[in-house]
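Please go over the structures that come below.
Heads up, the next two complexes both have subunit A, just with different partners, subunit B and then subunit C.
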Partner chain A sequence: MRLLRSNLSREEVLPRMRDLVEVLYAEIPSGVGSKGKLRLTRQDEERLLRKGARWAVEEGYGDAEDLERTESGGAIEGADPSLISDRAFERGRAQQGTLGSGNHFLEIQYVAEIYDEAAAAAMGLFPGQMTVMIHTGSRGFGHQVCTDYIEVMERAARRYGISLPDKELACAPINSPEAQDYLAAMKAAANYAWANRQCIMHWTREALMKVLRTSPKELGLTLVYDVAHNIAKIEEHAVNGRKQRLVVHRKGATRAFPPGHPELPGFYRDLGQPVLIPGDMGRASFVLVGTEQAMEETFGSTCHGAGRVMSRHQAIKKAKGRAIWREMEDAGILVRSAGKRTLAEEMSEAYKDISNVVDVVHRAGISKKVAKLRPMGVVKG
Partner chain B sequence: MDRGFEILDISGDVGLRIRAADLEELFEYGAIGLYSLITPLNGVKAVETAEIEVEGEGLEGLFVGWLNELIFRFDTYGFIGREVEVESVSDRMVAARVGGEEFDPERHERGLLLKAATYHDLKIEKDDGGWTAVVIFDI
Partner chain C sequence: MSRAGLVRLDPNRLKVPVGYTEGMRVQGIIYLDEELEAFLEEGSVRQVANVATLPGIVKASLAMPDIHTGYGFAIGGVAAFDVNEGIISPGGVGYDIN
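This part shows the complex of A and B:
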């Protein structure tokens, strides 16, 4: 999950929105069966897996400053390409720099409401400002790593005498060779995802400059933060008053570190970690900030999205005979999607209202609301 | 349910229930069901044939491995199948010929992007009338 801020206001961008959405859709490959623009060799891919977003910046996709604003500097140490199957290498080769499908998206948004002025200012956010949100991950590469290691873990679980209620929960003790191998492979997948979002951010910058005819300085499109949404990380937490190293699995959750946490970059150390929570494509997304209470109660974690109220199939039935893109356009949101089925599945009504979800975590104190972002233009896979 | 497949409605993901006379047919309908989630099959032509062999452990491992092989070939090479002929299913291997073509976003309607076939709530059962399988895909 990645949020970009700009120097531009909603009013400055609105007249060019149609072109902007078209160019972004054309420049950033998305959807089922799409291929990326990058042509990677095996050696390129190995470097990318070790270096994550750093690889992208070295290749000219973005600035060093972007890395400071990315969780773990855009690359987790310890990724080991030798533990990645040839199949994962192959599957990942043409998918770097692609958005994907399903709930992945690229949105042009504006800051609709600010709840915490000081925090918003520290993140470079102001009312009415244009922002860009990018939601994508490790693509087919990560899925193949998962598929490969489920087979490994399934055998490992039997070997270590772990009985499972569901075979998909395949696992192994963290200190076992199988688990250590998986961790090194998962880190490679996380790095793939950071590189992916970095490349997409770069092309977004280029597209905005082209369509809005601005200089990089006028545009000021810089990173607020980039944080993983599904990952396991080894962290220190207090358990019954004692500090312990734990493996924190955040699935359907995202990190929300408090002010003062040593893993935060200097400029966010006093503030706490920016938390990025996307809603559905018709309503809103939110920026929050991590809290000490999250450290105490939820291992420094909070919710990561709205969650569905309708299955995909139900949503498609509900959308039958309707033009979802037209409904969105009437509501002031331009949308471009590779698949018309995706739009039906992803329509607003298929999701819970993100405002309610975010209010719950805000009141629970595990992250605090900073700003509400509303979509103006949406690119879907 | 007659022989064939039906799509199962699961919040966030999607599944297939497959009914077949024998194991070979179970694997065939599984593959056809999978492909039909990706794109409507009436738009797909069988212009090339892929010979596919998949090894696996046990029937469940073999079935999930087979479906994941087809997902891999689609996601990596864009190969979308339409005609599936499973030649044999043994304890450790499935051998098949799949007729299909390269996915073309200009011609083929885009359906679901399947990440993987999973073991979650997986069922493969034999009764007097034949075989039934239930499989859930990660989306």
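This part shows the complex of A and C:
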């Protein structure tokens, strides 16, 4: 997840929204198996797998400040391209710099409500402001990495005699070669995702400057934060009063580190880590901040989104005969999508209300609400 | 009233007690209020419990209020394992590594 703030208000961009959505849709490749505009050699791909968003910045997509505002600086050390299958390389090569399909999106939003003025100000957010949210990941590359290593882990679990109540829990002892290989491959996929969001952000900045005819300074489209929500990381946590090194798996869960955590950049050290929670395309998204209580209870983690209440199949049935795009447009949200099917699958009713989800983590104290963002324009795959 | 086998700890937390499935090493905690509990799938609760059986799991098998059934591990799940005694699992991250 990645959130950008701007110097512009909702009113300033509203008259140009239709153009904006069209240009973003044209400039940012989306859709199932979509191919990007980058032409990468295998060597390029190896470099990006090691360097993540740093690779993108070195290639001219964005600047060093973006990296400071990205979890792990946009690259985890220890990614090893030699542990990646040819099939994953192949799927990844054409898809770097693409949004993809499913729940991935690019949204033009505005700040609809602020719950914590000081925290919002520290993140550069103000009421009525235009923001941009980007949700995409490691595309076919990461999918292939997962597929490849599930096979490896099924064999490993048998070899190490781990009894599993469900074979889908296939795993290996962390110190085993199989586990270390998976970890190094997963890091490569995480780096691929950070590079992807960095490239897409760069083209988003260009598209907005073109349509709104503004300078980078007037636009002020800078990164608030970028955070992963499907990842495993080695972290230190206090367990029964003792520091312990752990592998924290977050699957559809967002890191939510508290104020003072050494992994946070200086400008967020006193505040805590910004947490970005997208809702469905018709309702809202939220910005929260990490807390000490999350550290104590949930290994510094919180929710990641709304969560489906209908399967994709059910949603398609429910949307039959309806024009979802028009329903959204009537509600003041312009939407552009590669396929009608995606819009049906992704309609609001298919998801829980994000406000209810966020209220639970807020009341439980494992992250605190800062701002609510509402969509104005949506690009979907 | 919470469904069979689960214990409501407070308005925002639901416990999956050790014993919900065989071999649980720690309890499960699902962050959920009564309103969202209406959407809770039996399959995803079982997944939270299953994860609690894995070697080296620390404190609790956790799930967030956006929980739903995933590949092996529930989506919305958080699980931490000791680096010396624990495991790592691709199902605990999922297909959309990001």
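We adopt the following convention: the second predicted complex is superposed on the first by the 380 of 381 C-alpha atoms of A that agree within 3 Å, B and C clash if a C-alpha of one lies under 4 Å from a C-alpha of the other, contacts with A are read in each partner's own complex, and residues count from 1 in each chain.
Going forward, a residue touches a chain if its C-beta (ideal position, glycine included) is under 8 Å from a C-beta of that chain, and two chains touch if they have at least 3 such contacts.
Note that the structure is predicted; figures quoted are calculated from it, not measured.
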After aligning the two structures on subunit A, examine subunit B and subunit C and state clash or fit.
fit
One more residue to check, A:237. First (subunit B), second (subunit C), both or neither?
second
Quick note, subunit A centre (C-alpha) to subunit B and to subunit C: the enclosed angle in degrees to the nearest 10 is 70
After the superposition on A, what does A:17 contact: first (subunit B), second (subunit C), both or neither?
neither
Is A:34 touching the first partner subunit B, the second partner subunit C, both, or neither of them?
first
Is A:173 contacted by the first partner subunit B, the second partner subunit C, both or neither?
second
Of the two partners subunit B and subunit C, more of subunit A gets touched by chain C
For A:143, decide between first (touching subunit B), second (touching subunit C), both and neither.
both
Taking the superposition as given, does A:338 touch the first partner, subunit B, the second, subunit C, both, or neither?
first
Answer with first, second, both or neither: which of subunit B and subunit C does A:186 touch in the superposed model?
second
Between subunit B and subunit C, whom does A:312 touch in the aligned arrangement: first, second, both, or neither?
first
Using the superposition on chain A described above, determine whether A:87 touches subunit B (first), subunit C (second), both, or neither.
first
Shortest distance over all C-alpha pairs of subunit B and subunit C after overlay on A, integer Å, is 6
Touching subunit B and also subunit C: which subunit A residues?
143, 146-147, 150, 166, 168, 170, 308
Could you please specify the touching residues of subunit C with respect to subunit A in the complex?
11-13, 21-23, 29, 31-33, 35-36, 39, 47, 50-51, 53-56, 58-59, 62, 64-68, 70-84, 86-98
Considering the complex alone, what residue numbers of subunit A touch subunit C?
136-138, 142-143, 145-147, 149-150, 153, 162-163, 165-166, 168-175, 179, 182-183, 186, 189-190, 193, 228-232, 234-235, 237, 239, 244-253, 297-299, 301-309, 352, 356-357, 359-361, 363-364, 366
In the complex of these two chains, what residues of subunit A are touching subunit B?
31-35, 87, 90-91, 93-95, 100-102, 140, 143-144, 146-147, 150-151, 154-155, 166-168, 170, 308, 310-314, 338-342, 381
Applying the document's contact rule, which stretches of subunit B touch subunit A when the two form their complex?
7, 9-12, 14, 38-39, 57, 60-61, 65, 68, 72, 74-76, 78, 103-105, 108-113, 115-116, 118-122, 138-139
